Amino acid sequence: MQLEADQLRCERGGRTVFAAVGFSLKAGELLLLTGPNGSGKSSLLRLIAGLNDPAAGTIILHGGHGELSIGQQAHYVAHQDAVKPALTVAENLEFWRAVLGGGDVERALAALDLARLAAYPATLLSAGQKRRLALARVALVPRALWLLDEPTTGLDKNSRLLLCRLMQTQLDAGGLIVAATHVPLGIEAQRQLDLGEPS
Amino acid sequence: MQLEADQLRCERGGRTVFAAVGFSLKAGELLLLTGPNGSGKSSLLRLIAGLNDPAAGTIILHGGHGELSIGQQAHYVAHQDAVKPALTVAENLEFWRAVLGGGDVERALAALDLARLAAYPATLLSAGQKRRLALARVALVPRALWLLDEPTTGLDKNSRLLLCRLMQTQLDAGGLIVAATHVPLGIEAQRQLDLGEPS
Amino acid sequence: MNAMWALIRRDLTLSLRQGGGVGTALGFFLTVVVLLPLGLGPDQALLQRIAPGALWIALLLSVLLSADRIFQQDFEDGSLEILAMAPLPLELVALAKAMAHWLSTSLPLAVTAPLLGFLINLEPQAVLPLGLAMGLGSVTLSLLAAVGAAVTVGLRRGGLLVSLLVLPLYVPVLIFGLSAAGGGPDLATASLLILLALALASLVLSPLAAAAALRSYLK
Amino acid sequence: MNAMWALIRRDLTLSLRQGGGVGTALGFFLTVVVLLPLGLGPDQALLQRIAPGALWIALLLSVLLSADRIFQQDFEDGSLEILAMAPLPLELVALAKAMAHWLSTSLPLAVTAPLLGFLINLEPQAVLPLGLAMGLGSVTLSLLAAVGAAVTVGLRRGGLLVSLLVLPLYVPVLIFGLSAAGGGPDLATASLLILLALALASLVLSPLAAAAALRSYLK
Amino acid sequence: MQSLANPARFLKIANAVLPWVWAAAALSLAAGLYGALAAAPADYQQGETVRIIFVHVPAAWMALFVYTVMASASAAAIVFRHPLADVAAKAAAPIGAAFCFLALVTGSIWGKPMWGAWWVWDARLTSMFVLLLLYLGYMAIWQAIDEPHRAAQIARIVALVGFVNVPVVKFSVDWWNSLHQPASVFRMGGPTIHISILWPLLVMGLAYTLLFLALHLVAMRSEIAARKIRQLRIARIGDR
């Protein structure tokens, strides 16, 4: 299992955000994306997820399921939480379980200490609780690649620890993680990519 | 100029979030609100802003304009950015200038290093750039009290420094700041209130 | 005052840039007006008889279609909270936004509707009274729509609910608007006066109602 | 498959909890039906003549009013991106959401509309064909509405724009829907078959169109 | 909601009076029906159909009366901030809607022989129909907003705004020339219909009112219970 990106150029709204970016990530490795605001961290994650197409360059996942796109083998947690306020915490995860195909809601809730909020309507969640619900999605089904965009946003100390533990299990299981962040995640990263100043 | 809160009880959705909370903040002081997710930091800020009414207790701003509510003498930056995607960065601030009554857009833009992006439609902003635009609002008009809910969310190092400088000027001018946060802001706080475990 | 202008200007800009512009309103209006002959049959005399009513109904519906989001965006992105803390009282905020809606949607329709009347052969002498009646009526329509929008601002799918709440309140406007176009001159003036009264009443009351609703949603 | 059911179930739950429930749709439909006689005058014969057309137009409009948010919420809160990365192809996602809209709004209206017909004295013998025509037609309506919703998902004030885009596409449905209710039995069957064809065609094509539009907005 | 945590006094009173109200309602209903079906003469031109009046008219009265109750309860809720007022308003709505529906149905049944049509769009009938829609909208609001406190605040506004329609219904017959007859009981200068029709009609009116009172108390009781349950459920949910 290996993720290879080569000579990537990203254009958004007609402007080149970054160019000639490449990296290589082996099984069980965590890649940290750093760089100032607007340097293209989220954009790079979207490229990997296949939500945007690179203006140039290639992204390949060696040793994955050939017939599946990289996105279909990845979990993606964006800046937005993809939480439905009108559903309860459990219902939100139930839905993602069905869509992502299988998974254990109980375990996912427990993994981010949301078990006690299971029956709670998501409207009433605080910012951090909502973020945890978004993160719980990645604990549902195992997927080879995790794409996390500033995952620790709004999390309290304890939740950050839980997140670290979660990421560690993914790495130990030979999975890959690409995480964009401005603050230390509290877990040592094998690789780091600094996108530098926005062009 | 002094902000006094006494015996506050906060109820949301019929549940008591916290009770018997009080603090006193003098001119030029910064109060840090800490505590786990769901402990009521944002709720407390909303109480001070007058957006929610306390179930019990009082909040008084001594030495303010008697005829104005506390909210009308305060800047409030919530989890949401209150940014209109369809407007440019400058237009967004222009609007708030008119609504808040006066202020200097140029200075506000410069204060958070957004001058470069002034003519940029806000849809195209990255998360951190959007957050900076939200924060730029407080640099428009001087107000006695700043209420900041996790202001550093999504900010890069440089922007965090700019924010610190901004807060320092507010304190030096004898203003007050109440800031909820999970991460150190990089500016020493005269007072700290830990809301502890959610009841 | 300055603040109110800013609000109105901003909402107009937004509606222009986000596809809610005058053109769209007119387009929708046209399609409805075109649908009617299709639905009700091409019989000229029949169309002539129902023309004013058809135009009025099209007006009501296009106002409603555009109404349900008067406040929603500001509510969801947190702008409303800042506005609630601004010097400007929330009642005036509501009024300003209702006026913006009127300017961007109701008024253009009210002005052009009678002119489009020829499409479903409206009698020429009915054009002027109909225009006046719609001009006055549209104020009330926008203001009531704002109340409906405020009352459902927290509900993401409020669209239909707004209509259910507001359309019944539109009935008086419709009735007097029609009698203005239908009957003789004195009946016309009478109904125009009533429409004026309705507009003034809603101008005073609906901002209060809307602001109250918004406050309770902000809590 | 399982995933599609989940999507449909979720959207139904949401529309129920967020005030977009069947009841509201019916309420709106009722209000439109009330507006018509008010606007067009109480004349029995006239109403009887235009009853089917009126019901159809009311149906079109209430479908549209509820349509513009089929995808918007998922687009704005980021759910759509996750769905786009899910095993389920985006075409089926669009289809599922269109079906959910049909179940929650169009179908109930199509079923009850003919029964409400007596309010604007629809002839009893027209009830059954009208019901069948609306049942078939409503599928097409929801699917086309989904396309319109997808095409405008990025525009916050899409409401009117959707209508402007979709209403013209509704014209065929309206025409054949009417001829199903109006003419003799053989004409009725003919138009019902055409409606069926339209439904099938849009069942195949509109998910493709909607998905394409969504993808381009996600980029 | 916590102010509603102790509606014990209301519940005590309600439980105390309810049996009597039921009894009174039953008695007056019996009396009214006797008067309507046996005592009252068949109309010389309408024949037996005239008896619909005893179902129709009180129902129509109640439809208007209940909405008035609803609106004034909402006003009271705004002024005195007493949570019971909201409960009262919410509980009244479905009952009023039912009466309204009854008036509409019996009315149109009566309309067939009288006017030769189940339904005509004259002012009285239309405004009555709008009243039903207002009831539905009010109930839809309660159903759509799950947070009772907020739902209450919004519903008050809706109820008060909708109240404008009630006088319209009442006086529609006078303002617009209408097929429907003008008020002949509650009017300036006293009733104008024959005593033999009048007394059963009034008794039926009384019966309907008592029936509403009983149903209303029951509905309020269950609404309070429902809120208690919701309270407990939320309180049980842990945090974080």
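To keep things simple, chains are lettered A, B, C, D and E as they appear, and every chain counts its residues starting from 1.
Quick note on the criterion: contacts are C-beta pairs under 8 Å (C-beta built on N, C-alpha and C of every residue); 3 or more make two chains touch, one makes a residue touch a chain.
Quantities reported herein were computed from a predicted structural model and do not represent experimental measurements.
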Smallest number of contact steps required from chain A to reach chain C = 2
A correct list of chains touching both chain C and chain E reads B, D
Find the chain most remote from chain E, comparing centres computed as mean CA coordinates.
-> A
Would you kindly say which chain has the C-alpha centre located farthest from the C-alpha centre of chain D?
-> B
Write out the two chains that share the greatest number of C-beta pairs in contact.
-> C-D
Could you please state the distance in Å, as a whole number, between where the Cα atoms of chain A are centred and where those of chain D are centred?
-> 37
Return the distance between the CA-based centres of chain A and chain B, expressed in whole Å.
-> 29
List the centre-to-centre spacing of chain B and chain D in whole Å, with centres computed as mean CA coordinates.
-> 45
Could you tell me which residues belong to chain C and also touch two or more other chains?
-> 14, 18, 73, 152, 155-156, 158, 161, 164, 167-168, 171, 219
Where chain B touches two or more other chains at once, the residues are 13, 36-38, 79, 86
Among all residues of chain E, those touching at least two other chains are 126, 130, 133, 136-137, 140-141, 144-146, 149, 239-240
Inside the complex, what are the residues of chain A that reach chain B?
-> 12-13, 35-38, 42, 79, 124-129, 132, 149-150, 153-159, 182-183
Counting only contacts in the complex, chain D reaches chain A at residues 2-3, 5-7, 10, 13-14, 17-18, 73, 76-79, 81-88, 218-219
Please name which positions on chain A make contact with chain D in the complex.
-> 49-53, 68, 71-72, 74, 76, 78-84, 86-87, 91, 94-96, 98-101, 137
Contacting residues of chain E [partner chain B, same complex] | 1-2, 147-149, 230-231, 234-235, 239-240
For the complex, which residues does chain E have touching chain C?
-> 126-127, 130, 133-134, 136-137, 140-141, 144-145, 149-150, 153-154, 157-158, 160-162, 164-165, 168
